[in-house]
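Below are two complexes that have chain A in common, paired first with chain B and then with chain C.
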Partner chain A sequence: MSELTESDPRPDTAAGAGAKMFGSPGTVALRADGLKITSTAGKEILHGVSFNLVAGKIRGLVGESGSGKTTAGLACMGHFRAGLLNTGGSVALYRDGEVLEVLSLNDAGQRKLRGGSISYVPQDPSLSLNPAMRVGEQIMEVLRIHRPEDSERDRRGRITEVLAEVGLRNDKAYQRRYPHQLSGGQQQRIGIAMAFACRPAVMILDEPTTGLDVTTQAMVLKTIGELTRRHAVASLYITHDLAVVAELADDVTVMLRGDVVEDGPAKQVLYSPQHAYTRRLIRAVPDLAGRHRIGEVNAVTGAHPIVTAAGPIVDAAHPIVDAAGTGPGAPQGPASGSEPVSGTRAGERAGRHALPVPHDAAPATDNLLNATGIRLNYGPAQVLDGVDLHLGVGESLMLLGESGSGKTTLARCLAGLNDRYQGNVSLSGTQLQPGARQRSITERQRIQYVFQSPFSSLNPRRTIGESVAVPLQMAGQDSGRQQRAKVLEVLDQVKLGAGYIDRRPGELSGGERQRAAIARALVNAPSVLVCDEVTSALDVSVQAAIIDLLRTLQVETGMAMLFVTHNIALARHISQRMAVLQKGRIVDVGPTDDVLDHPQSDYTRELITNVPTL
Partner chain B sequence: MIGTETKTQTIQETKAPPGLLRRMLAQRQGKIGVVLAGVVVLVAFLGPVLMTLITGYTSTEFVGRPFQHDGVFGTDNLGRDILSRFLDGGLQLVIYAALATLLGMALGAAAGMLAAYQGGWLDGIIMRGNDVLLAIPQLVFALLAITVLGPQGWVLVVVIGITHAPRIARVARSATLAVITEDYVAAAQMYAVPRWKILLREVLPNITGPLMVELGLRMTYSIGAIASLSFLGLGLQPPTADWGLMINENRIALIIQPWGVVLPVLAIAVLTVGTNLITDSLARASAHLNVKDTK
Partner chain C sequence: MMRLIGRRLLISILILFLVSILVFVATLLLPGDPARAILGQQATPERLAALREQMGLTDPVWLRYLHWFGGLFVGDLGTSTSAGAPVTEVIGARIGNSLVLMVIAAVIAVPVGLVVGTYSALRRGKATDHVFTGISLVLAALPEFVVGIILITLFSTTVFAILPSVTMAAPGHPVWEVPSQLVLPILTLVLVVTPYMVRMMRATMIEVLDSGWVEMARLKGVPERQVIMRHAVPHALGTVAQVIAMQLAWLAGGIVVVEFLFRYPGVGAAMVDAVTNRDVQVVQALSLLIAGVYVVVNLLADVVGIVTNPKLRREESR
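Take a look at the complex of A and B:
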């Protein structure tokens, strides 16, 4: 960290140049030096973290979950979560020409600081705003506490001002709204307005855009960037999203398990990283352009063939997979002339592993899974509004949608988890009942669903082996020993060793749990795998490994995959075809490259322009 | 490659947190509770076997005149040896209390889980039925049932068990509501696992924390209720030795010969305090994985 201190301007010059203003751009506003934090159980969480925040600049603090980035951010305000102790280091705040040692202040002093000179924007605005309080009042609360000397009229003026600064309407009616009457992006901007109300010298932003859509995220990021630069605030932006950092930050600090491994200007850290961990982290970030591949296996993209014939393992275990391809399609002729049907069939009989099929013109009859006119409403809210979707044998389709688009609902309808839809779902020509319980055992086995959060989808009280064996038990064909053998086999397939079979989910990391959840879906050798946001709860490097695994499995087993996600950047890494869902309607569908290069709808175009890139 | 790295690491690092019972015993409160309750339960279980060895008399044998200071603790209202009656009088109380609690747990947990899982009209019926039962005072309900059916052991157990059920059902229902939103329940539904199996395998193991707490609390109440009923003469019938009964029989001579009242009162008090301490530490153990930190 020596290079840091050399390049820093002396804090004394801040006072001289800025006179009474603390926020003259380019001066150090906060310096954290050798922060050490230990848990009460004696484990060291931070091993001496140092960084400084410069007025008018944004420092990105990057790291995976568990790296201690939030702990370091909160330490800047002198806050340590329950069970954590500060065992060394200092945090110095330079304002009005004086130096404040944040960590040696008493409680009252720190309270005065927080919200006043140093403010914090938490991750989830829907949790951090009081739902029973009008948004104007919530901003007012901050001002009342930190500006007791101001008149009520001054405070009202400041609220109007700060709302405009964060790009929101500032009339009386807007101030009288409750948080639930605002969108997620607006809520987060209210959070930022609260943090900015007292014109802080330092803002700590803890993943403020994680829960937001790309379009909203882009707007919030713009607001943060403008505020920081125009008002010379020193910002610390905590995130795991390197692409966001690339868009926003001036400097980047990379953390790994409580240590700073790399620190420097954003361009240098992101484009010529020095530390191996940073390089690995950057390699794992999916890019929209698909220039590099994440993971070790080649991306499943339009350039790569669709797997049509199953490998020998699947053939032996489930001849259905084969029948799905040939059975229903055989009597009917191809609807589209461009489809080389006879060639495909011949190839299949010959047992070839992969065959190129022009995916854009696949006839409906040849589809493995067909959904037509899916509608679903909860009262007046139309969640799905006539969705048509088809999935070919061995094909990988990305279903892209933002929160509230109905993508999870659609995936759950297909898997039989939600039986309240109207419309028609058919699997290789046979119409399926809406609910999983009404479907036959084979139908249930052939469509498998992987849940979003591996922290919720595995029963914490049962071993991995027990959880994975549930589908086998329900099929009821195997003895206990055969089941165990199959479970071991599938655990091996998802690259979890046999050692995991008798362990509980609590002992596993997020990525391992997701592998176990995928194993449960694979154990019956499905022909369709529905993956619902399977990587959204995971770190980028783990995401890369899971994507890698899914591609490998798809090639090995020849199953079709519906990959539901909000992350458009993954498109070129996982899918041959993609469908874009907006407010319950499919607005764009086609081969991935076509959709990305020539989007048909404004919505898709907007998504593509707003996606942050590295 | 990052995946494999973290994998090997977690294999070395992660150690299963200590189980609920061990976490309970790690607290001083828990230890004291176990010792207190354990001593009384031990007395209750070994008493009937040991009484003739210790005192030379059975619990129903007349050894002298009433309220004398013969033997260790003297004689009771009919001239029987108080220590013998004390040693003999706890077993049925403890067993009945345990059975009543278990019955209440089984009924309450089943009703609560069913109500939460099925929802809709069944939830309404079960929970409103609960409210009706809750509206009747526990002891009045027991009095009524015993007057009608007679003071038999099974009536005591069933009546007290039933009066416990609604309270346990409420706890089970709210705990279940939190669990059924988890994806593993949805996964089980997707695999068409029978509903009773979902409740038994996916839900029940995940609500044992609050249920264990409720178990301890209800055990305390059961002991109190059975002792009270015996005191009122509606529990175990004379000449059987019973702690609740002993208090009633000997309270008239509290000043001349206090042991006949003091011994059973002490035993009941120590037992309830002990189970309460166990319950408290169980509650803490189920809420925190690292109980030592929170002390």
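Take a look at the complex of A and C:
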């Protein structure tokens, strides 16, 4: 496998030459060479990964889940998670003219490096800060271990200093807080302060902004960039987010299933990628400007199987159903996998693609779903503060909001999953009861919900077919055979073949599971599909495929869609109209282009400025 | 924090009140007539009626309850019908004897459980872990009287006749005058309660050792000993405290069987005697006492849980 790596078109196969080739003024601070890591079960996870980190520069390590990027990052510190073994390669740390072979040091030697010369910033600060320890004390702990010679007063001084460096308050009261008393962004900056306290030569940053809001992310990225450059730290920034890499990194290493497939200066890798995988990955990234159609890529991880039509209907002509709300009862062509809606193709080639409008799209004034004055509070916390929202027939509306904005709560209220709201929700002019249980079967069928995580929304003990059939059983109108026929048809619609009907969620990838969850929502032919952050748990290429699927389905079936997300970059890819939710209020609403080009509120403007772009 | 604890305390008091009703109703349902139990089968109806009158058995049930409940607050638990003396006098020494067993058993079991559980978690998947897990599983599966009988067979019969199998102390003398007679009852109790603590501590520690902050502590270069003592164990304690509380509370009830087995003059033996003699007042007092131990121990566990969790500790709102 290492031969394969060597033959890859990387500019710096000889790691030593790397730094010079890029014309960097810094010196190499850490060099990983031919890292091989095997699981205790005997499966090789990393097949010989090499890269180097240069003082004052940030290297982006990019890859999708399972590519081994975190494993490689932790290996730089000599740390291997339970079940992993180092089977080859070396990590050399250059500090003060000395060379240290990290992997051949004993435990005590490695401990001395960790947190001192090489430090780590974890992915999720809410899990990685000790919840029962004051934040100041957690920073103090690193200093006590690595600066035993300092006086307690010097250490306190250093804490005050480093908190200021990461842009946090540094008074005593703040240091005495517990992690849960800080926001996510503040927690992450405590993590960075902890990593930076001993002025490390190398920092390993493992997706430190995943899960943060774009505005917070922008601040954290700025902090990281400044610290790296000002103090000549060599940083490894592990991420799946290419847009963040484009903003931050000097060099980029792209990993695929334990191999480095591309490596070079950020500009070169991101804007003229050599390897096919990098190109596919970049094409899958949604851009705010909506210049390209992300769905054109197939999911790289194989989550997007080529479907051969099941049953007797093999129809190359691929009919587009022309009646809104036509359910699986009507004959619908099995989508042929590689060819989505043909009508949209021409438009894309012309440049910026236009979102397809359903065939019979009624004017937006014809409201299918209407919500007025939705309010909800949990104790003193006002989660929704008088929200008005309408959704036209066949329309796709993006509901954008950051964590805590109330977007999921609103979606759940509309679907009747949360019945504690005040206000009115009406469907086709009929007012709906607050709770789904009080609504009629038809009303329930007409609004369907797809949940965020396909890993927890499908019952692991049921087969996909059984799960998809549940809504049909609830409707109670079809015989077993009819149900099975409908299930097959809807599985086809979401491009999972008949072969999936008897499989269980455990055998499926994340993208496949999300398709199954979408199939379950579609099986009763809803008028409104509520998609709650359906792509946020998925890799970017899988996300692209799911977005493409949803768009195709929406056009084919003429259903309306409420797409709830925190990712503003998806706006032009999925929605005709968008609403921006902040602290339970809608601050911006209108056609997607209008909102993005001429945002009315400062909040939306701030979001747009802070979104990282490729 | 004080609010939370105060709320728990109020709930505990409410529970004790409900238990007092339950105990009272349950003793009403005990078969047999206390008056007849005292006077025997030959008693004349007149004498029975007179005694019932004297014992207040003819009053309405609610009045009897209030009378009894009121007495609890002034330390008047009634009069033991079989001994003819105040209940407090009859069971006072017994409570002391039982407390000796329970406290010594707890003082041994809790640290052993925590240490063995932690050690087992650290050696996860290795031979020592398997041995400890196996032993604790077997012990957890055995009821206390089986453990007790095995111990008696091993240490006080033909195998090693080194310890007394029954309590030898003469009535009126403190049990701890002959320490050897305490060994087997305590050992039985320890062997019964420790396995659960070991298993729970092991499971919780494994979870905590896999947590992000433990990995983070290691990546900060914190020495392993400090990782365990400062970052891992405190988090496990809050959870394990609940199980420890359950086990300690079990001691209060489970001691009945163990004391009976070793003829130990504690509350357990007193309870068995009282039920046999229809000594309603003593049964009521002891039931309430055991329930009280349950409630207090669980309250303590909640307090430990609150104190080890800063989120709960600092709950200012609500």
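In the analysis below, the second predicted complex is superposed on the first by the 520 of 614 C-alpha atoms of A that agree within 3 Å, B and C clash if a C-alpha of one lies under 4 Å from a C-alpha of the other, contacts with A are read in each partner's own complex, and residues count from 1 in each chain.
Going forward, contacts are C-beta pairs under 8 Å (C-beta built on N, C-alpha and C of every residue); 3 or more make two chains touch, one makes a residue touch a chain.
Note that the structure is predicted; figures quoted are calculated from it, not measured.
Peer 1: Once chain A from each complex is brought into register, does chain C clash with chain B or fit beside it?
Peer 2: With chain A aligned, chain B clears chain C, so fit.
Peer 1: Taking the superposition as given, does A:H79 touch the first partner, chain B, the second, chain C, both, or neither?
Peer 2: In the superposed model, A:H79 contacts chain C only, not chain B.
Peer 1: Considering only the touch criterion stated at the top, classify A:Q452 as touching first (chain B), second (chain C), both, or neither.
Peer 2: first
Peer 1: Looking at A:S426 after the superposition, I want to know if it touches chain B, chain C, both of them or none. Which is it: first, second, both, neither?
Peer 2: After superposing on A, A:S426 lies clear of both chain B and chain C.
Peer 1: Is A:P122 touching anything from chain B or chain C once the two structures are fitted on A? First, second, both or neither.
Peer 2: second
Peer 1: Where does A:M474 make contact in the superposed view: on chain B (first), on chain C (second), on both, or on neither?
Peer 2: In the superposed model, A:M474 contacts chain B only, not chain C.
Peer 1: In this superposition, which partner touches a larger number of chain A residues, chain B or chain C?
Peer 2: After superposing on chain A, more of chain A is contacted by B.
Peer 1: Tell me which partner A:Q268 touches in the superposition: chain B (first), chain C (second), both or neither.
Peer 2: Neither: A:Q268 stays clear of chain B and chain C.
Peer 1: Determine, under the contact definition given at the top, whether A:V142 touches first (chain B), second (chain C), both, or neither.
Peer 2: Once the two structures are laid over each other on A, A:V142 reaches chain C alone.
Peer 1: Looking at A:R280 after the superposition, I want to know if it touches chain B, chain C, both of them or none. Which is it: first, second, both, neither?
Peer 2: In the superposed model, A:R280 contacts chain B only, not chain C.
Peer 1: Give, as a whole number of angstrom, the minimum Cα separation of chain B and chain C in the superposed three-chain arrangement.
Peer 2: 5
Peer 1: Using the superposition on A, tell me which residues of chain A are in contact with chain B and, in the other complex, with chain C.
Peer 2: Correct list for chain A: none, the interfaces share no residue.
Peer 1: Write out the stretch or stretches of chain B touching chain A in their complex.
Peer 2: Touch residues, chain B against chain A: 1-4, 6-7, 10-11, 14, 16-17, 182-184, 186-193, 201-202, 205-206, 290, 293.
Peer 1: Under the stated contact criterion, what part of chain C meets chain A in this complex?
Peer 2: Listed in rising order, the residues are 210-213, 215-224, 230-231, 234-235, 308-311, 314, 317-318.
Peer 1: If we count contacts the way the header does, which residues on chain A are in touch with chain B in the complex?
Peer 2: By the definition above, chain A touches chain B via 40-41, 83, 280, 284, 296, 415-417, 436-437, 439, 441, 444, 449, 451-453, 456-462, 467, 470-471, 474, 495-496, 499, 504, 506-509, 511-512, 520, 541-542, 544-545.
Peer 1: Spell out the part of chain A that touches chain C in their complex, as residue ranges.
Peer 2: Contacts found on chain A: 74, 77, 79, 81-82, 107, 111-116, 119-120, 122, 124, 127-133, 141-142, 145-146, 178, 180-181, 194, 379-380.
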